[in-house]
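Labels run A, B and C following the written order; every chain starts at residue 1.
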Amino acid sequence: MKFTVFKYISLYFSFFKNCLMREMEFRGNYILMVVASIFLNLYFLIYYMILVNRLGNNFLGWGRYEMLFFVATEVICHATFMSLCFYNVFSLPDQVRTGNFDFILIKPINARFMISTRNINFAAFTQALLGVGLAIYSLMQLNVKITLLKVTVYVAFIINSIFLMYLIGFCLMVLAFFFTKVSASGSILPYRGFFALYWFARRPEEIYSNVVVMFLTYCIPLTLIINLPAKWMVKAVSVNTLLWSLVVTPVFFALSHWFWKVGLKRYQSASS
Amino acid sequence: MQINVTGLTKTFKVNKKKEGLRGSIKGLFAREYRIAEAVKGINFSIDEGECIGFIGPNGAGKTTTIKMLTGLIYPTEGDAKILGHTPWKRENDFRRQISLVMGNKFQLWWDLPAIESFDLQRKIYDIERNDYRNRLEELCTILDVTKLTHVPVRNLSLGERMKMELIASLLHNPKILFLDEPTIGLDITSQKSIRKFLKDINEKHKTTIIMTSHYMDDIESVCDRLLLISDGKIIYDGSKEKLANKFADEIILNVRFSQPIAEEDLMKLAFSVKFNADGCTLKVSKSEYLNTIHNLLNSGKVRDLNINSVPLEHIVEKCYLQKEEIS
Amino acid sequence: MFGRKYLGVAKLGLQENLEYRFNFFTTFIFVLAPLAVHISLWIAVYATGVRTIAGYSFEMMMTYTILGHLLEKFTGEVNIQIKTSADIREGLISRYLVKPIDYFTSEIAILFSNRIIYFVTLIIPYLLVILATRKYFMFNSDPILLLLFVISIFMAIILSFLLNHLLGLLTFWLKEINSLYVFTQSTFSFFAGGYFTLNFLPQGVYDVLMYLPLPYTLFFPTTIYLKKYTLSQIGWHMLIAAAWIVLLFIINKIVWRRGIRRYTSDGI
């Protein structure tokens, strides 16, 4: 009898392998997705670069290359989220609707794990590489002192950010349990909700008033997603925010798990 | 007793929608509900190795009951003990011993060959490698799909896909196999091979089989015992033969005559006479039919004679209309 | 009678929309999020003391942002691309091929009935936003301009529909087009002026862009409202928009015919 941890790692590897094989089956689609996602990032990049340009290279305290690094961080987080979490996190409403979720419930495996990790999208990884490239380029232009500690903490923040994005998306998706009779467009709802919130996260927090920034840091931790890692690297981060970031993720996870249990119970008593 | 169900009940709230546009707008603000009772306090028990046919009209509560037995939904009232577990607690020990197959719903990965899904099953159910290999070989051989395991599932025909589904669900040698309309939409050959397959594994491995189906042939070939559920209640629990004997006190004779025979004469021999293009159909009671046949043959006008008992289908159809229990 | 069946379709489309009330109620919450972000951005930027950016004062920028957002939601309809694509992929078009009803016309009927719903759903949150920002929102009372504004919105709805429908029709040849809708919508938004006013773009790019259909779905109506055009300019641009409507209509019909031929012969 293997240890549970090894079992789940082995399962994850199976999912990884299966998704890779599946994606390699459709090379045309893969290339299309890569191209499309590169363009998407390009719009975002152009938007900010033009904005910064029009404002005389000073966008509320962000210079051109600082802004570029911000965008790079955004691309890295967004792309990694898309590849590891996106197709999982918003699949629940569809699975519930088609009855596929029953197949997951009946297996002797933690249902949350399966729902959260089953799909991995490789086209989005390429995007992440683009982000890394942009990040390196902007750092070079900025003459920022890059130490191993800085980079390690930056990477840790990125992992934290992706986990936060997963948790937000996951909680939205659990709502599917409560609205079992949702239409096809209803399954877009958690997705829309997520991106509505994410809109707030992918801007420099200077555009918000102090009150709003507080709210977006301590209530719905959106500023921790992009602003925190970016500022850590090219600007400055307050100690409070740093400490808070250590606390918020595990607490949020616990809350999300409770919510999941409640939702699951609802599914089990209300479905036919 | 492997499975013991007592007083299992399930009720739902269903939205009532009013007609037309005005109804829709009203529906935005206040919804009316009605209570639907899907399953009304059913009791039964099943022993290891039985083959149960779970039949009933659409909406009778079959799928709801199966979902409760597999732990997918909670009952409103009542209890069930399967293999010593309560299904809806979804304990891993319980889930490792059961399996569910649903007609028209597939759990195999669509774009990959079935073998990859099988391998995933191996990991999920902690099947030991040797057991897995032996089992896979055994199942593939019986179902004659060994050559197809490396074909992407989307390229298989419906029948082949169903066979792969069955293999995937049996790799871990479950004690109980639940099937919800497994042969729906399949061609005759596939249906037959699946029925034979189910009977085989039941005999070989003592796998308990609980199956719902609307195809009477499924029930007749595979199941020994019937659970007839109608309007949320079990109205019959027993063997096929007993049900047949209960309801079918009739034998059906299809006769073709070489010379015309008077209707009044036929009416003396049978309680129901129907003429059709081929000859005529007589319904005779079981106690009388030998006598009737004797008389018909003696008349010398019989060219062709066919003896049939009432098909299970007709019996079940009659039962569907009943609401009380058939003892 | 001709009109009745399309009216019936429109009515059902409306009912379908209302049926999912959670969807209905939360749509406008999620619609306000990007708007809130953009407004915050401009308030913060202009608070640093800058007076005009690319010829836009603070009031103009706010009005552009709010009005632009509203128009984008009102005229643009992502669902058309998704819906048309899904209809084709799942073979639902077959329904229309066997009945004496035309897909294109019924889609337009549904389009306009949905506009009414959208207008009702969207007008409340946007009115609230305008109320909250009424110090900065520019209220236009010129009747001629307002009339031209309404006409341009009407053209914007049709243009947006034709473009999205065309993209959806590409599903006849390219099944993957469905997964690209985020990309297409971002492209549309960018070049229509949804990210920022097109005046931000370099002059050369701007000039070329004004000959293409996209700016007429958002930028053009909004700029009319902001009184930035002379009447002759409006007339000229409306001509371009009208020409695009005709052209896209023809292209849609041709693509539909070709697509249906492929659909019925290959049985996708």
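To be clear about the criterion, contacts are C-beta pairs under 8 Å (C-beta built on N, C-alpha and C of every residue); 3 or more make two chains touch, one makes a residue touch a chain.
This is a predicted model, so every value here is computed, not measured.
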{"item": "From chain C, the most remote chain by mean C-alpha position", "value": "B"}
{"item": "Chain nearest the overall C-alpha centroid of the shown protein atoms", "value": "A"}
{"item": "Euclidean distance of C-alpha centroids - chain A vs chain C, Å", "value": "29"}
{"item": "Whole-Å gap separating chain B and chain C, where each centre is the average of the chain's CA atoms", "value": "52"}
{"item": "For chain A paired with chain B, centre-to-centre distance based on mean C-alpha positions, whole Å", "value": "46"}
{"item": "Residues of chain C whose C-beta touches two or more other chains", "value": "19"}
{"item": "Footprint of chain A on chain B - complex, ascending", "value": "12, 15, 38, 63-64, 67, 70-74, 76, 88, 90, 92-93, 95-96, 98-100, 102, 105, 107, 109, 111-112, 116, 119-120, 123-126, 152"}
{"item": "Complex contacts: residues of chain A adjacent to chain B", "value": "1-2, 7, 10-11, 14, 17-18, 21-22, 25-26, 98-100, 102-103, 105-109, 181, 265, 267-272"}
{"item": "Contact footprint of chain A on chain C as seen in their complex", "value": "16, 19-20, 22-23, 26-27, 29-30, 33-34, 36-37, 40-41, 43-45, 48, 50, 53-54, 79, 86, 176, 179-180, 182-183, 186-187, 190, 195-196, 200-201"}
{"item": "Residue ranges of chain A touching chain C (in the complex, touch as defined)", "value": "28-29, 32-33, 36-37, 39-40, 43, 46-47, 50-51, 54-55, 59-60, 179, 182-186, 189, 192-193, 196-197, 199-200, 203, 206-209, 212"}
